[in-house]
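Each structure below appears as structure tokens.
Two complexes are shown next, each including subunit A; its partner changes from subunit B in the first to subunit C in the second.
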Partner chain A sequence: MPVSQQFRSSMQWLHTWLGIALGSVLFAIFWMGTLTVFHLEINRWMMPESRVTPALNRPLDPIVMPHLQTLDRGEDTFITISRPTSRSPFVSVRSFGGPERLRLTLDPVTGEQIETTKSYGASGFFYPFHYSLHISWLGLGTWIVGLAALSMLVLTVSGIFLHRKIFADFFSFRPQKHLRRSLLDLHNLTAVVALPFHVLFPLTGILIFVFVYFPNSFTKAYDGDRAELREEMIGYVLRDAAGEPGELPPSVDALVKRAETIWTERSGQPAHADYIRITRAGDANATVMVQHTFPERQVAMNRGNITFDAQTGELLTDFTPRSAQTANAWIKGAHFLRIDSWALRWLFFLGGLAGSVMIATGQLYWMQARIKRGLEPRRVRVVRGLTIGTTTGLILATLAYLIANRLLTNDVRALGFEREMLEVLPFFAVWIVAVLHAALRGRAAWREQSIAICMAAIAAAVLNWATTGDDIVRSAMAAQWAVVGVDSALLVTSGIALWSVRRLPSVSGSPVPAAGLPRRTAPQAKLR
Partner chain B sequence: MWFLLALLTSAVGLSLLALSQASHWYRVNKSHTRRPGVRAVGWVLIGASFIVCIARDGVSLAMLIWPMVTATVSVAVALLLAFRPRWLRSLARLLSVG
Partner chain C sequence: MPSTKSQTLHRSWRLVLALIGGYALTLGYMSLVSVALPLTGVVRSEAAVIGLLTGMVVYVVVIIWCASSRHLLRVSLLVPSIAAICHVTAGALVGRSG
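Let's look at the complex of A and B:
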């Protein structure tokens, strides 16, 4: 791109320092987001009891009603029921508020209660990590993620200006050249080819949290009336409590059926309700909201809601998003990826990996360039600790979380922590150790952590087999594709780690010329 | 099947685009003589993969799927050129002069 030298050097400065300041955070967000693409599948892996065969469109009443009838309900009791889907094959019932809480996972056919492994799984750990970094204090985590997303956009634009030969180098990856050249090639390659992805995700991410970042922009338009805003934006109705005890609806299925009929007639395509919410379950003013997402194969995350009076079955509201909201729904749908498309799911997973590789190689390139230029040893330690520890270290920590999940027995309690937390502790412990190891171990750290990843990934896959009896072949025979997918991903991770080990500098000093990679540099150099 | 077709057209299209560059052409063929029109055919096939995506999923979803297909295949082509350039030779032979 023909730009002045001064402009280029200021872009260089911006790209370098913003990248260094937020690279570690960005890597964590990208890595966790990549895992979140398959969070329900990882849940199946981490909670083996929930690996039930999907049974869709079974009646809900015999399964949920006995539990709802015996629940001690109050006017503040809210009950949510999630119907089984192919990705989340059981009925999930939860209640909030009120005198008693429910948290049930039920078999979709027999209605039997499934005691799942006490774990946050991927939905409760990787997913919140992706958007809040688990920093809940003052909502700071969400703000840091927002800042990182904004920086990501700035980094992308400045990166385009910096890149001298976007088209000439479009397919260039030269692993046979020296390490820094290969790193920069990988950085440019993964950045340029997935450019739409690198712009789409930070942008839609910011828009999803616009309520958090600009809380007044919406409520102002409604004179601060949040209830009215909620009703107009998402069709959520909450009636005041009547103060008198009320009954539950006699049949949830009947209401679901009525709602589905209305949607099907309107759109001309079969609609499937996926979520039911009973508000004020113990009160005479209780309502039942039936919701569906994605009636068709569309990206837009349009949610239709129909709300009934729980006592009389009278239809209260029938909400469909308005056209102005469809753009917003497309933006959210593209990011949340609820659409039933396995092709897109895998492509976004690969895109997330490309982003992770881009950030990691960017950081490692900077580190190698610094060390080459002769940085003082103490600073080298800090730089190493941050770059290596937050990239390979985070991957190791993730594997430690999975291994802890398979090793801990279900009733374990230790150090005053519940089992869920005992899975999380190894994650952070390994992460901290990895950062320290990278800082203290010197140039061998990168290679050694790759070796650790290679072994830990295999260990996790083997432990799944040892603790559940589900090896890859058996899982495939039982059509447990979620388990097959996670196990295969672990083995591939191990393979890639092994390959990098052969490429990376060994303890002895000079980079190892990769075996099996003949040096084919001459012709390219001649043509330049 | 439609998805495989989208991948295939994209793969051939992007390979041709890569081969239309002098350095990649030399790496694959060890020859400097290139056939004209390689780049144009490449672009046509990349466009075709977009049309296949639209036919399969509609415009709304294709707008997400097609750029990601292109990105994934581009990385694959770059890796192929780096580690197994000979695999592209038969494709190049089809197009080379004489």
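Let's look at the complex of A and C:
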């Protein structure tokens, strides 16, 4: 495309500035997002009690009603019941507000209460890390992620303008050339191959949090009427409290069945409700909302939402998205990716990995170019510490989290922390140490952290076998594909790390290259 | 490519303008779409979703524009002005769409 030189140079600095400013944050978001593609599988690896074959579409009443009936309910009690899926095998009952809280994990067949390993798992740690960086103060983390996602869109667009020969680059990866050239090749290759994902991930991510990022703008037509907004946009009906105590619905299953019949007749496809929400559970104006949030055969989510009066069973609203809403539901669904397709899930996983590699190589390329042009050693230290520490260091920290999960006994408490936190502490400790190590050791840190990754990944897989008896073969025989998948991923990670160690030269001495030498005479060609 | 102090300053300003001015403009654009489209018969919830889906494209285009325009002064005036016009118009229309 004919682009003026001036325009290209403006895209050049925009690409560099945003990339350097947010590269590390973007890598963390991409890495955590990549793990989150399989968060339910990693959960099962981290909570061995959940390594059972799911029993689907069992009646809910005998499992949940006894607990709901004994719950001390008020007009602000909200209950959420989630049904088991092929990826998460238990019935979960949670209540919020009101005089008493419920937090139950139940066996879908026996109704038995399951005590799972006290861990945040992947859903409670990697997942929120991905969208909030675990910075909850003023919602700052979510805003940083939003800024990073916006930058990613701008980086992708400016990157395309910078690129003249997309197809030529597609086929050029020259690992034997000097490092800077192969870094740029790898950056371009991963950028072009996974281009749709580099647009899809940040765009859909922003749209999921659009209520946070653009409050009171696209909903202006509602003029502040939140109840109407909720009802028309997502079909959520919340009635005012009547002020009189009310009963629970006699049967949840009956309402689920009615909702599923309506959906199936409308779409001609079997539909299974996945979430059941009871609002104002202790009040006479209680409602039961039966949701079809994650369809099995569609990317689009939020396919239906039917609300019943809890007392009379009367159908109050039957929400189905209109056309623009369907487009939005598809876009969000393409980020949550709960469709029952392993092929798509692996594709997204690879897309996330490609993004991570693209971000890391982009940062490295910039760093090598700066070193080549001459940068004071102290600044090289800082940049290198951050770059290495936020890439290999983050991978190491993730492995430390998994290892801690397997090493800690279930009733452990220490330093005033619950077990969940004792898994998280090693994560951050290892991460900080990795950044410091990279700053101190310079380029030798690549090799040393790769060795650490290689060993830690093996250790995690071995510990899983040692603590649960599930080696890969046994897991495969038992069709525990989630466990087989995580273990294999660990072994592959270890293998890739080993390959990198063999490719990276062992450097000894001078942690910061050319630190003491006049810069022009530094041996640039060998600089790695 | 040696960058001078004034170049760095100009680029920093472009970035601030792109991110903050672009944000204000996107907010204004979304507000305007969400109240203006219902006047032409589009359902409110649909207008809102159309606004937010196209709003992101607007934001990215404004950022690219701010970063690359040859006339820095012109974009510095235009981006806030367009944002203000959108907000004011949306505010004036807001009651009528109900």
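Just so we're on the same page, the second predicted complex is superposed on the first by the 487 of 528 C-alpha atoms of A that agree within 3 Å, B and C clash if a C-alpha of one lies under 4 Å from a C-alpha of the other, contacts with A are read in each partner's own complex, and residues count from 1 in each chain.
Definition applied: a residue touches a chain if its C-beta (ideal position, glycine included) is under 8 Å from a C-beta of that chain, and two chains touch if they have at least 3 such contacts.
In this text, all values refer to a predicted model and were calculated from it rather than measured experimentally.
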item: Superposition on subunit A - do subunit B and subunit C clash or fit; value: fit
item: Angle at the Cα centre of subunit A, taken between the Cα centres of subunit B and subunit C once the superposition is applied, in steps of 10 degrees; value: 90
item: Touching partner for A:330 - first (subunit B), second (subunit C), both, neither; value: first
item: Partner chain in contact with A:442 - subunit B first, subunit C second, else both or neither; value: neither
item: Partner chain in contact with A:139 - subunit B first, subunit C second, else both or neither; value: neither
item: Partner chain(s) touched by A:343 [first = subunit B, second = subunit C, both, neither]; value: first
item: First (subunit B), second (subunit C), both or neither touched by A:62; value: neither
item: Which superposed partner A:190 touches (first subunit B, second subunit C, both, neither); value: first
item: Which of subunit B and subunit C A:250 touches, first, second, both or neither; value: neither
item: First (subunit B), second (subunit C), both or neither touched by A:7; value: second
item: Least C-alpha distance (whole Å) that remains between subunit C and subunit B when both complexes are overlaid; value: 17
item: Touch list for subunit B against partner subunit A, complex; value: 3, 14, 17-18, 21-24, 26-27, 30, 57-58, 60-61, 63-65, 67-72, 74-75, 77-79, 81-83
item: Contacting residues of subunit A [partner subunit B, same complex]; value: 168, 170-176, 189-190, 193-194, 196-197, 297-300, 330, 334, 339, 341, 343-344, 347-348, 350-351, 354, 517, 520, 523-524, 527-528
item: Touch list for subunit C against partner subunit A, complex; value: 3, 11, 15, 19, 26-28, 30-31, 33-35, 38, 43-53, 55-56, 59-60, 63-64, 67-68, 70, 90, 94-95, 97-98
item: Subunit A - residues contacting subunit C, complex; value: 6-7, 10-11, 13-14, 17, 147, 150, 153-154, 157-158, 203, 206-207, 210, 214, 216-223, 232-233, 322-325, 327-328, 331
